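Consider the two complexes below, in which chain A is the common component and chain B and chain C are the respective partners.
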Partner chain A sequence: MTCTDPATLDGLAWLGCYLTTGKHLSFYASFGTVLLLLAITAPTALLFGFGGAMAARARLAPVRFLGKTYIAIVRGVPDIAFFLFFVIALDQGLEYLRHHVLCPDWDQPVRQGSDFVVCDIAKLPLGSAPQWQHEIYGYSLAIVTFAIVFGAFAANVLYGAMMAVPRAQLETAEAYGLTRAQIFRRILVPQMWVYAVPGLSNLWMVLVKATPLLFLLGVEDIVYWARELGGTKNPSFTDYPHGDWRIWYFLALLVFYLLLTRVSEALLERLMKRLTFGQATTGGAAR
Partner chain B sequence: MSCAQTIQDYALRSIGIGERLLPRSDFTLCQQFTLIGSGMIWNVYFGAIALAAGFALAVALAMGKASRRVMLRKPSEWVIFVFRGSPLFIQFFFAYFLFLSLKGSSDFFNPFTAAWLGALIVLFLNTAAYSGEIFYGALRSIPQGDMEAAEAYGLTGWSKFRRITFPTMLRLAWPAYTNEAIFLFHATTLVYFSGFPAWQQRGDALYYANYFADRTFNPFVPYPILAGYFILLTLLIVGLFSLGSRRLNRHLPGAMQQRLRLRPNFLR
Partner chain C sequence: MKTLILSAAALTLAGSLSAAAQDIVRLGTEGGYAPYNFLNDAGEVDGFERELGDELCDRVGVECEWVTNDWDSIIPNLVSGNYDAILAGMSITEERQQVIDFTQGYTQPDPSVFVAASEDIDLETAVIAAQTGTIQAGYAAEMENATLLEFATPEETVAAVRNGEADAVLADMAFLVPVTQNNSDLMMVGDQVLIGGGIGMGFRQSDDELRQRFDDAIQSMKDDGSLNALIEEWLPESALFDS
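Right, the complex of A and B next:
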């Protein structure tokens, strides 16, 4: 099959050629972008969450306050507001820091009316940087943003799970003379997972369903491509003219997400079965 | 321009009353507070109507999913699965383009491509699916003894549902349903970022917050204002729902009434 002259093709051959154009390959690759985001964000958010939960349990009052604030901050405010906020805030924060380090003798204010002005070498990425660096930078900001927001969610879940470990277990450990750190590492953390998994599974589902918001953070993700490719194409701009097909592209995305959540659900169910195996919780009790 | 004047000009800007032009430069704190607050009208509109209408469908979906008849069970299961299994963001986009193509075939669908109706329908179906699942779970955890006692008293069919099943289901589902309500109001901020156009720049709170952040290039003012408004709204919802909870549990002795905690869980 040759795709050199699409005007002569029809039916399936045309569709086959249409679906393998360069732009479509980028579209398929962007599914990878989404999965990559999930693969990086999930462990990072878990790490953030672990830190947050530990801070919220700390003995030092300021640290505890910090941890609890971090957990509380995502409550009551829509997560999309955080996404929009953090992407700019992180970018400006980084540039501001670099500005102070790299241009110490700059005497103008950074905020001038409606402008945010830093010296040229403090810009991120540098103005002369190639396009791929800009893309990587944007994507990294998105990942950090996701990790911060979902880290707070995870912190709440893990904090609850740590609280759910029976007191008697910890008291027994104390009676054996274990130090606080040892109790945390050997008793609390291994036992908390079973309490954390339902909440974390739920969180995973929320995270999966939050991935299309990458589009709002300026990443060329599946939503971006679906809008681009689906829009009306005139013969003068493309070899494959067609009407407004965005509805079909978004139908495809809908199906993709339904499959993704379905598969996740099945896997998490199995994980829960394994974790509760033989444990004295309702999930593990003989039924 | 004084702040009172700004409020007069912009307090109802989001529904098209007052000054037509948005401020373009020299943004004052007062303008940001007023316009973002003005946008909250849409968030409350979407959330309140979708929640109220979604409630009825949610009960129907829950009953359907618990039904023994396949004809009722399968459709309910599918609605719940489709709306809970896919991102709301994608649902908005899909619905918008669906309405757009329907508009081409009939004038009847003209209003559907506007946010006030199109997005409302999506939110309505979405919250109905989530609440339906919550009610279904509650329905299955009604103590068997309650139902047997009802039957022993000779209650059947509609009167059994109205007097026993429905109130008990609601009582058990209430904390999770409160959560869902909070989440729904948060989800309303997605509307104007998902294809539905903000006609004449009449948008919701996040639309205006984003407008200010874009123009001033300073996210540290508008977004915290938005956050403040939403925290107030969340507190209001929790307050209203705890009134509902008190009414649902009024027959229980004081010690058994779980106080609705002021710490909403944010996971759906």
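Right, the complex of A and C next:
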């Protein structure tokens, strides 16, 4: 099958060529981008959440204050505002630090009107860096931002879960002479998951659907490509002209998201079964 | 592993040495505004601005990379340094000039036109679709009895007319001409609207030197007629520059 002159093809042959254009390959690759983002962000966010929850219930007042502030601020600010603000702030903050270390002799102001000017060698990534480095950098910023935003929600869930572990369990541990750290590690954390998983699974679902925010940062995700590919294509600018096909592309996305949800639900349900096993909860005790 | 670290260090070093000369210029565009800029079947940026930008980079003597970015955040992302210049069919306006600097125009001011699904639309009271943050959206917002419907992409503004959500779309003529040519049910209505001062390349205000170099390159393309040739090829309905 040759795709050099699609105008002469019809039916399946045309569709076969159409679905394998470079643009479509980018579309397929973007599914990987999204899945990779989820695979990295979810554990990172959980880590942030764990840190946040631990800080929020720390004995040291400043640490507790820090943890609670993190949770309150990030939960209170809309994702989209956070995405536009935080990524720019993080990027400029890093460049500012590098600027101070690398260019101590710089005499011009860093803020010039609306511009943020640092010396060339302080730029991140360097102005001369190839495109893929810029993309990786943008992608990493996106992951950090996602992790911070979802980490705050996870922190609140975990905080609640830690509070929900029956006090009697901890008291018993104390009576056995376990230290605070030991109680935390051996009694509290293993038992809290059963209370945390429903909330975390909610969060996971929200995260799965939040990936279109990526395009705000210039990362092309599946929703961007679906919109781009589905839009009306004019014969002057493509070999594969077609009308408004966005509905089909979004239908494909719908199926993808439903499948992803279904798979996640199945996995989470199995996890929940494991966690409730032998626990003093309805899920565990009833069996 | 050690060689990997060493070569990474060497790369970083090489990177910082050549950075001073800024030999890679990153061009930001939208990729959804044919014939100015769009993504071709291979998924690469194509169109009038692609050819123009590549030629300008040749003349300036720098290597250029194309980056696509949402129209909504295209100016903030330039200012924060995600790319070095905008070539995205962006008209030179006073409001934008407060935030970024433009080169001289590389097109003559292009009239804007209304496109509707029927001849007998009363534009005075119509629902007008336009892309957010464009001069056309600004113009439609000023129309006293008309209602403005804003969309994130040019494609959606046309789709809104086609499915009856809006009565007419207001956009640059060069964008709407191919749209009407390929849709027998869409037509231009009403008078042309003269807004905007031609399209220019946008730069950060602190990047004066780079802007000057590109400005000179645009001038040289105007002088030798190659810019007019590009305009004739991609924007057949648009006015040429006097040489």
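For this structure, a couple of remarks:
In this text, the second predicted complex is superposed on the first by the 284 of 287 C-alpha atoms of A that agree within 3 Å, B and C clash if a C-alpha of one lies under 4 Å from a C-alpha of the other, contacts with A are read in each partner's own complex, and residues count from 1 in each chain.
Throughout what follows, a contact is a pair of C-beta atoms (placed from the backbone, for glycine too) under 8 Å apart; a residue touches a chain by one contact, two chains touch by 3 or more.
Just so it is clear, the model here is predicted, and its values are computed rather than measured.
Once chain A is used to superpose the two complexes, chain B occupies space that clashes with chain C. Contacts of A:Gln112 after superposition on the shared chain: chain C is touched, whereas chain B is not. By the touch criterion stated above, A:Thr211 is placed in contact with chain B alone, chain C being left untouched. Once chain A of one complex is fitted onto chain A of the other, the partner contacts of A:His100 are absent, as it touches neither chain B nor chain C. Contacts of A:Leu25 after superposition: chain C is touched, whereas chain B is not reached. Of the two partner chains, chain B is the only one touched by A:Ala81; chain C is not.
Contact with chain B, but none with chain C, is seen for A:Leu253 once the two complexes are overlaid on the shared chain. In the superposition on chain A, contact of A:Asn202 is made with chain B only, not with chain C. In the superposition on chain A, A:Asp244 makes contact with both chain B and chain C. Overlap of the chain B and chain C contact sets on chain A: residues 84, 88, 92, 114-116, 215-216, 227, 244, 246.
For chain B in complex with chain A, the touching residues are 25, 27, 81-82, 84-91, 93-94, 97-98, 100-101, 182, 186-187, 189-190, 193, 206, 209-210, 213, 215-220, 223, 226-227, 230-231, 234-235, 263-268. Taken together, the chain A residues at the contact with chain B in this complex read 74-81, 84-85, 88-89, 92, 111, 114-116, 153, 156-157, 199, 202-203, 206, 208-213, 215-216, 223, 226-227, 230, 244, 246-247, 250-251, 253-254, 257-258, 261-262.
Chain C meets chain A in the complex at residues 15-16, 18-24, 26, 31-32, 34-35, 38-44, 46-47, 65, 67-70, 73, 76-77, 79-82, 84, 99, 153, 155, 158-159, 162, 178-179, 181-182, 204-206.
Interface residues of chain A, counted against chain C in their complex, comprise 21-23, 25-26, 84, 88, 91-92, 95, 112-117, 120-121, 123, 126-131, 134, 138, 215-216, 218, 220, 227-228, 231-232, 234-241, 244, 246.
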